[in-house]
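Next come two complexes, and both contain chain A; in the first it sits with chain B, in the second with chain C.
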Partner chain A sequence: MSRKATIWLWRAASFAVAASFIALWQLIANLKLVSPVFLPGPDRAWASLMRGFSNGDLWSKLAGTLEHMVYGWLVASIAGIAIGAIIGSSKLMRTYVAPSLEFLRPLPVSAIIPVAIAMLGLTQAMALFVIAFGAIWPIMLATIHGFAAVEPRLYEVARSLQMSRLAVIFKIALPSASPDILAGMRLSVTVALILSVVCEILAGLDGLGHWVLLSARAFRSADLFAGVILLGITGYVTSVAMSMAEHRLLAWQAAQR
Partner chain B sequence: MAITAKRREADASGHSDPQIAFAGVTLELGGKTIIENLSLGVQPGEFLCIVGASGCGKTTALRLAAGLYQPTSGRVNFDGQPMLQPRREIAIVFQDYGKALLPWRTAAGNVSLALEAGGMPAADRPARIEELLRTVGLPGHAGKYPAEMSGGMQQRLQIARCLAQEPKTLLMDEPFGALDAMTRQGLQDEVLALVAASGATVIFVTHDLDEAIYLGDRVIGLLPHPGRIGIELQVNLPRPRDQLSTREQPEFLRLRRQLFDFIKATEQ
Partner chain C sequence: MSDKAKALVLPLAVLLAFEAWARATHLQSDSLAPPSEIAIALAGAFADLSILAATRDTLLSAFAGLAIGTLIGLALGIAFGIFDTLNRLMEVTVEAIRPIPSIALLPIALIALGFGYRMEIVIVAFACVWPILILSRAAVRSIEPRLMEVARALRLPPAQRVWKIIIPAALPRIFVAFRLSAGIALIVAVTVEIAINPIGLGAGIMLAQQALRADLMLAYLVWIGIIGYALNIGLVVAQHRLFGRVALSGDSA
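Moving on to the complex of A and B:
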């Protein structure tokens, strides 16, 4: 079978699975196996989603969540790449600093949320700090690894060309580490989304997390599910977008296989 | 030929200063003496070949000439100046071309790296890149990534990047070691032609004795542990050289025999 036909078959199959999942959901809701107070059918969730979009409520919540996610992720990316580059390009730093990072990394981000709230209050700044702190790890560790793995021969090429330090970083080290860095950024965009929701719930900041919380408290299950569906879509779209960006930026890697 | 003429002229005037001069160079790495008391002058435009058993210090000597290593004692001079760091006038062609090229840049991009380092304005680069790729026999491959090229093409590309440095000295470390015999002979002739055209000085490391004699004006054989000069042969074969007739000349066979006996003796 041709490659293309295989891909289409897989797509059709996964579509069928999703469709039957939704059908099952509808069936359970129609038969009232779970109380409608807790579980709306897909029809009601969809209607709520449409209503939320047409009156603008959901748009503004979505915008709030995207804002938290993107800002936190950008701060994490810039800081993570910068710190990772410094640590990764020095053997001394790798030897002495990397072990402490390994100790800090498994620390659940939820553990620093109380600390952040105590220091910054229930503010946007707190959210930014928590999101960035959580999202920085995959990027920073990937950058350290990428910088440490630059082919030493290339540094010798740079030396014999008498390239400046800056040129070496931007023309040799960063591009060489870019596959690692982009993979880290793809992982951390998901972390940023999760933490955005957590912060919105905890600090009552405007966004889908807050919307979901309020809907749950008011027993508006259709609205609650609309929010959850929208979060799922957001996560899916951002990760697909990251994969596409990776694919484009790393076209040269395709040639290596 | 331009180079031989240039050197003869220098000889006649009697005071040609070496372009690269090793003066009593000793290098220790990790507490081990790798090169001991090496003294050697390479004349401008000369094609010097270095041979020797594996591990005798050929690559190390070349890295000293490139400024990638600093001697523990003694000194390496370039044009009469002590060499404290690598410089753009000295280009080095590494044996492992796969590692020395930027995989994320196309052929054109890899050549461009050297032009960028040399400060050439962006507008002037494309024409020069095309010219250089044509010179090394890669016209029409500008848009290819190194991974899309054969070993011979990648090594040509590395040579193009080195030529883009407009080097006075070209250092080559077993550049054709990993290539098949046909590609190898073709590249040998191309390198001779390129060097003749540019007038660059060359230090060429190889473990192939025939290649050393075929290419060189002079061949040096190193003794191992620690590395030092064991034999020095002047190659008085006419240029331009020819893959068939040069290799059949009695002088070629005599030098080959002499070098062969030397290497055999060092391996015992």
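Moving on to the complex of A and C:
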């Protein structure tokens, strides 16, 4: 048997295992081993998912969550790379500023939510601030780290070419730090998704987080599971997309090594 | 001036400037308070033990969830690492469940378990399983093959093979996974409390916000930061003590 066929066979077997878990879930639900109030069968969850998509409810919730997540993440990426570049490219800033940032890093970012609510109220601006604040850390710290780890000889070359600081950042430091930065951005996507859900739950903003909470409050378990499944798919698709983008963007480096 | 002293310059300057600004403008705010008032509020919360009770609730939930998540993740990770067949068969299932954001399970845990420790522990455990599973699986796979040959030559039964060869050999990297998960556990616990669960530090900071006590709210924020920092430092020190330089090689994984 060829290697490719073996891989596909394993894949198929793995899907079969996953399918049998879903069948088990169906069986548990059908036999009412767990009350249907808490656990709908996959059939009911699927029906609810399809109904939500056909009448447009779930599309708008999904769009809401994606919007929060993407805007927050974009703001965090731009600000994180910019601030990280400023701090990372200066020895002075690295000794004076970077330790404070390392100190703040283990802070559970969701703890900033009450402060944001006090400042901005239960608004979209609050959600944007919280998501951006939470997602900025991995990107900013990765940028600082990436800048600090640039091959010193490249900086010497830049000095002897008398390149300006901006030119050094754009032509040497950023490309050389890009693997770190992209890895930080991938981590941040997950953070942004989680914080979007939390903000929607707390502030009642339109999105999947709000939808699953309302469904839970009304004991509509099928809708609840549909929402959770959709959030899982969102998490999966965004992380796969990020890995693919990372692979694509870093292809030149792999070729170089 | 040493590097450590230089690191302190910025935070001290910010605190002093903020204090001076708040005093000069007679700051009246629902969201900001001068550092001196924050310190007083923190001392007050310690004096009436409220913040200590909240800390106990949060850490109890976080550590219970961490313990459960670690056990499950470790058992699965070691099993997947040893039996490649099992790993390949479970791949789709694992990859389908793993990306669900832990906080999305909150409403399910809420209707199934109600408010309190249990629902929080379940969510923390779910969040902690995955890093431990992935990293311990990688750790088991990267064990020096000759060690496994030794185990075969000694005809160790499977249980002893796991206990005497695999776990000790993979332990440094497993501890790195544990350190990561401990941070995640604290974050998830606080997040669940802020979002919905009326116990612990997260609920405390939300209550302070709703009572418009900016000083107390920021005192909670500072305290949560200190706990996060202390947990991280404690685990890093433990890692160095226990495994020395070996552990560092696992950090990049």
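Note that the second predicted complex is superposed on the first by the 237 of 257 C-alpha atoms of A that agree within 3 Å, B and C clash if a C-alpha of one lies under 4 Å from a C-alpha of the other, contacts with A are read in each partner's own complex, and residues count from 1 in each chain.
What we mean here is this: a residue touches a chain if its C-beta (ideal position, glycine included) is under 8 Å from a C-beta of that chain, and two chains touch if they have at least 3 such contacts.
Because the structure is a prediction, the values reported are computed rather than measured.
Student: With the two structures overlaid on chain A, would chain B and chain C clash, or do they fit side by side?
Tutor: Aligned on chain A, chain B and chain C fit with no clash.
Student: Once both structures sit on chain A, report the angle chain B, chain A, chain C from C-alpha centres, rounded to the nearest 10 degrees.
Tutor: Value: 100 degrees, nearest 10.
Student: Contact-wise, after the overlay, does A:P175 reach chain B, chain C, both or neither (first, second, both, neither)?
Tutor: Touch partner of A:P175: chain B, not chain C.
Student: Is A:L231 contacted by the first partner chain B, the second partner chain C, both or neither?
Tutor: second
Student: Residues of chain A touched: more by chain B or chain C?
Tutor: C
Student: A:L161 contacts which: chain B (first), chain C (second), both, neither?
Tutor: In the superposed model, A:L161 contacts chain B only, not chain C.
Student: Once chain A of both complexes is superposed, is A:S2 in touch with chain B (first), chain C (second), both, or neither?
Tutor: Neither partner.
Student: For A:N55, select first, second, both or neither according to whether it touches chain B, chain C, the two together, or no partner.
Tutor: neither
Student: Taking the superposition as given, does A:A118 touch the first partner, chain B, the second, chain C, both, or neither?
Tutor: Touch status of A:A118: second partner only.
Student: On the combined arrangement from the superposition, state the nearest Cα-Cα distance between chain B and chain C in Å.
Tutor: Value for chain B versus chain C, nearest C-alpha atoms: 18 Å.
Student: For chain A, which residues lie in the overlap of the chain B contacts and the chain C contacts?
Tutor: Looking at chain A, the two contact sets are disjoint.
Student: Under the touch definition given earlier, write down the residues of chain A that touch chain C in their complex.
Tutor: 10-11, 13-15, 17-18, 21, 37-38, 95-97, 99-100, 103-104, 106-115, 117-119, 190, 193-194, 197-198, 201-202, 208-209, 212-213, 215-216, 219, 221, 224-225, 227-228, 231-233, 235-236, 239
Student: What residues on chain A touch chain B, complex-wise?
Tutor: Counting only chain A, the residues touching chain B are 151, 153-154, 156-157, 159-163, 167, 171-172, 175-176, 178, 252-253, 255-256.
Student: Okay, in this complex, where on chain B does chain A touch?
Tutor: Result: residues 66-68, 85-88, 90-92, 94, 96, 99-100, 102-105, 113-114, 116-118, 145, 147-148, 165 of chain B touch chain A.
Student: Tell me, which parts of chain C touch chain A in their complex?
Tutor: Residues of chain C touching chain A: 3, 6-7, 9-11, 30-31, 88-93, 95-97, 99-108, 110-112, 183, 186-187, 190-191, 194-196, 201-202, 205-206, 208-209, 212, 214, 217-218, 220-221, 224-225, 228-229, 231-232.
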